[in-house]
């Protein structure tokens, strides 16, 4: 099994705070992490490799510091890693990101499976996975909750996808791209041996010049159909809370129940 | 001079932090409240390789250096002292002693499963009537044929009910025992399964309630002669050199506890308003925060310096003792300030800082009380005390050798 | 490698750009604005610079006549097992508004097998025209045939705007279609409107875990595509007397060319669909453990509601992810949201802030949840929630 896992380094958005005076994000001290959904993709890749043999290659597009995320993936057990980093890639939206990643995957050669997290927690779009699949012309199975069956001989895979109404069981042919949800597994921590391997590994950095088959007009800001025109703080909900106070818990509960019944929401 | 942590160290920190935050933090408040010890956490620490972090790969360890051990202690105690205590007794006091003094057979039999986390180890010097006064212990080991017969009681032993292996210090020379001549003491590797070993739990501790502390009673306990660690009469030296390992982990953990106090205080100082401004804007609150920063950074360099000496294979009794004394006091002071910053909220267990305060007191007492460490520092300065070469020194860290498969 | 160019000659060091940068990428060094790698080329700083010292690289612009060829607003009508999904009617409602603003018609794309009734419903909900694509291969949603059909239709009929519900299928489909068409797609919009000057679709969405909002446009590519989450827009009232045109389309599909087969479907047992629930009782870190959700379940049962959770509770493993409300969980818009032991982090508020009535029960009077709540009780949820359950049992005679 030749498995490619696409990962993104993101700021831990749960740690992000807003400066109340300027309304800007306080990013100092906010740790950069592997997008949590991508860690499930890495784990699933490692499990498949342990079961079927082969190798796991992690690939990421981002600024030079995204190398940290790749090293962490290697420390977890990935065999190889590639960083796509170039000023030409900067300002990419999801279309250009998927294009660039798929060009790099083409350069890597034959593969059986591509794994991605269902979405990144900073952008929350979930569009890059389907974009890569379409660029490469392979099947996509999004929101995968469980790999039921994988047969490298007949090159088929059966998965359960987590949808609103329940779980859909789908079969497709390899090569395929899967995006995975949180409940698929419990990602392992990096190991000490893996940490040593990661710190000693020379991870190649590819720029636009390393993707000669690609149309460079589709990279980065100029290749991105969407443009951000305005960034602003989320509107505050009109908050006028009525705090219910009473002598006893039962009395407070009774007052609240009456008020909610009066609101006609029950 | 090089003050930088390596990339390897930084990744170790990140990994242990993630581990502690996911595997320990969510449960610790409940465990602490219920005075409950979690075997599950210990098992996971073993699976992750943390229980053999600085032991050579050929002895089942992870092959990292002594600085990595300090980092792991910092990160564990940042979440809860009970987790760091495991490293103190299992690695600092026990496994490093086996690495330093053990025969190849002893290392294979005991160090390997300990480093792999399959067996848990602790150290037992202290007794009901002898703490700082180590030569005041009463436990004896009488030689009978190819066995020693141990009798006595050890107390305040971390992981007493949990550990599989105990490093027991006992008198083998009864004449010297009477004369309080410590060259009559010896060290033994005792398995829980040996006949005559009984352990019990101590209840009602002020802090470290998620940790196990207890007593060990040895009643005609038969220990094979090959389980003598070092030579007969070397027990005191082994006990003291073990403390160089144990105190190092305590000192490092204290830095983590200060870090936890600082993080909690900064968060609260930004959230809580008084007199119309976040309390962080009040200068006396700032002073407490400034002191925490100073204590954390100063403490960290004291520990890393001791760790660097260990990596070089240089004796570090004085430096380790200094780090342990200063950092444990600093952790207690920081925790008291953290509670102060949190006001009444800090006084109840809705916030973690009251646990930090309770947890920080123990380390000011054990592994050399702060008074003992002050005596040690003064005695070195006055020339009353010097380190003499040991028959076995703690091996310097050699990455090639430590990471070879054997 | 920031893309932002700073003309150091022009920069006066006023710092206006530094304070507006949402990413903290700008700073003053020696009194000159300096940008670092945190820059995302969002352009927030460009307009505030009084001396126009900041610029981003020019983008190629499409010829106006090429863009003019694209007209009309489209929505995709999602169906599951022959029933239309309510999210699609929300899209039809919004699409109707946008079409009116642009003075154009609204087209609904109904794909499936034996779904003629849905095509009729689409007219009732507000579509002027329906592309009714009925084929056995389309009975169950699969990316490849659905995407191929829509790509063909777009290429042939050239819509200006195309919106889809941000359901699992909608996101799956939109990503594939937009990639093939080489056009812009904005996910999970919370606001869509037409810029009166440029006539472009302004697509507003939360970013950065809900900490900031961004308005996004797609000036040079068509159609302008967006997905919108469930319950962001209101459900329109259907009008059975509305008239419209239903155009049956025969797709060029054959089953043996479709790699993916749907083998089975396992319905979620006994779970209330969070997104559809009118009442949600939600628990956070304050519930303390898996068993802490029990009183919440009892209250939800009495009220006929669903149980939700904050990320903190899900991350701690107390309740499965399916219950998570918030930025990385579900967006909900119930009539009543009872938040128990939830502090109210911005990521959580992003998922439930539009609830009609919010009740907060929390020990900490300073918890941010109180600032968005309509009613609050400060105290121990383990006393208050059971008391509330008893009161409702009494008052509702349940």
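Going by the order they are written in, the chains are A, B and C; count residues from 1 in each one.
Just so it is clear, a contact is a pair of C-beta atoms (placed from the backbone, for glycine too) under 8 Å apart; a residue touches a chain by one contact, two chains touch by 3 or more.
Quick caveat: nothing in here was measured; it's all calculated off a predicted structure.
Peer 1: Looking at every pair of chains, which has the largest contact count?
Peer 2: After counting contacts between each pair of chains, the winner is A-C.
Peer 1: Going by CA means, which chain is nearest the middle of everything shown?
Peer 2: A
Peer 1: Centroid of chain B to centroid of chain C, CA atoms only: how many Å?
Peer 2: Roughly 51 Å separates the two chain centres.
Peer 1: Indicate the whole-number Å distance between the mean C-alpha point of chain A and the mean C-alpha point of chain C.
Peer 2: 17
Peer 1: Roughly how many whole angstrom separate the Cα centroids of chain A and chain B?
Peer 2: Distance between chain centres, rounded to whole Å: 39 Å.
Peer 1: Give every residue of chain C touching chain B within the complex, in rising order.
Peer 2: 288-289, 315-317, 363-364, 366
Peer 1: Any idea which chain A residues touch chain B in the complex?
Peer 2: By the definition above, chain A touches chain B via 71-72, 75, 189-193, 195-196, 198-199.
Peer 1: Can you list the residues on chain B that touch chain A in the complex?
Peer 2: Contacts found on chain B: 6-8, 11-12, 14-15, 18-19, 48-49, 53, 62-64, 403.
Peer 1: Can you list the chain B residues touching chain C in their complex?
Peer 2: 26, 30, 271-272, 350
Peer 1: Can you tell me which positions in chain C touch chain A when the two form their complex?
Peer 2: Where chain C meets chain A, its residues are 1-3, 19-24, 37-38, 40-44, 56-57, 59-60, 80, 142-144, 147, 167-169, 171-172, 174-176, 178-180, 182-188, 202, 206-221, 259-268, 273, 275, 278-279, 303, 311, 320-322, 327-328, 335-336, 345-347, 349-350, 353, 356-357, 359-360, 365, 370-379, 383-384, 387-388, 390-392, 395-396.
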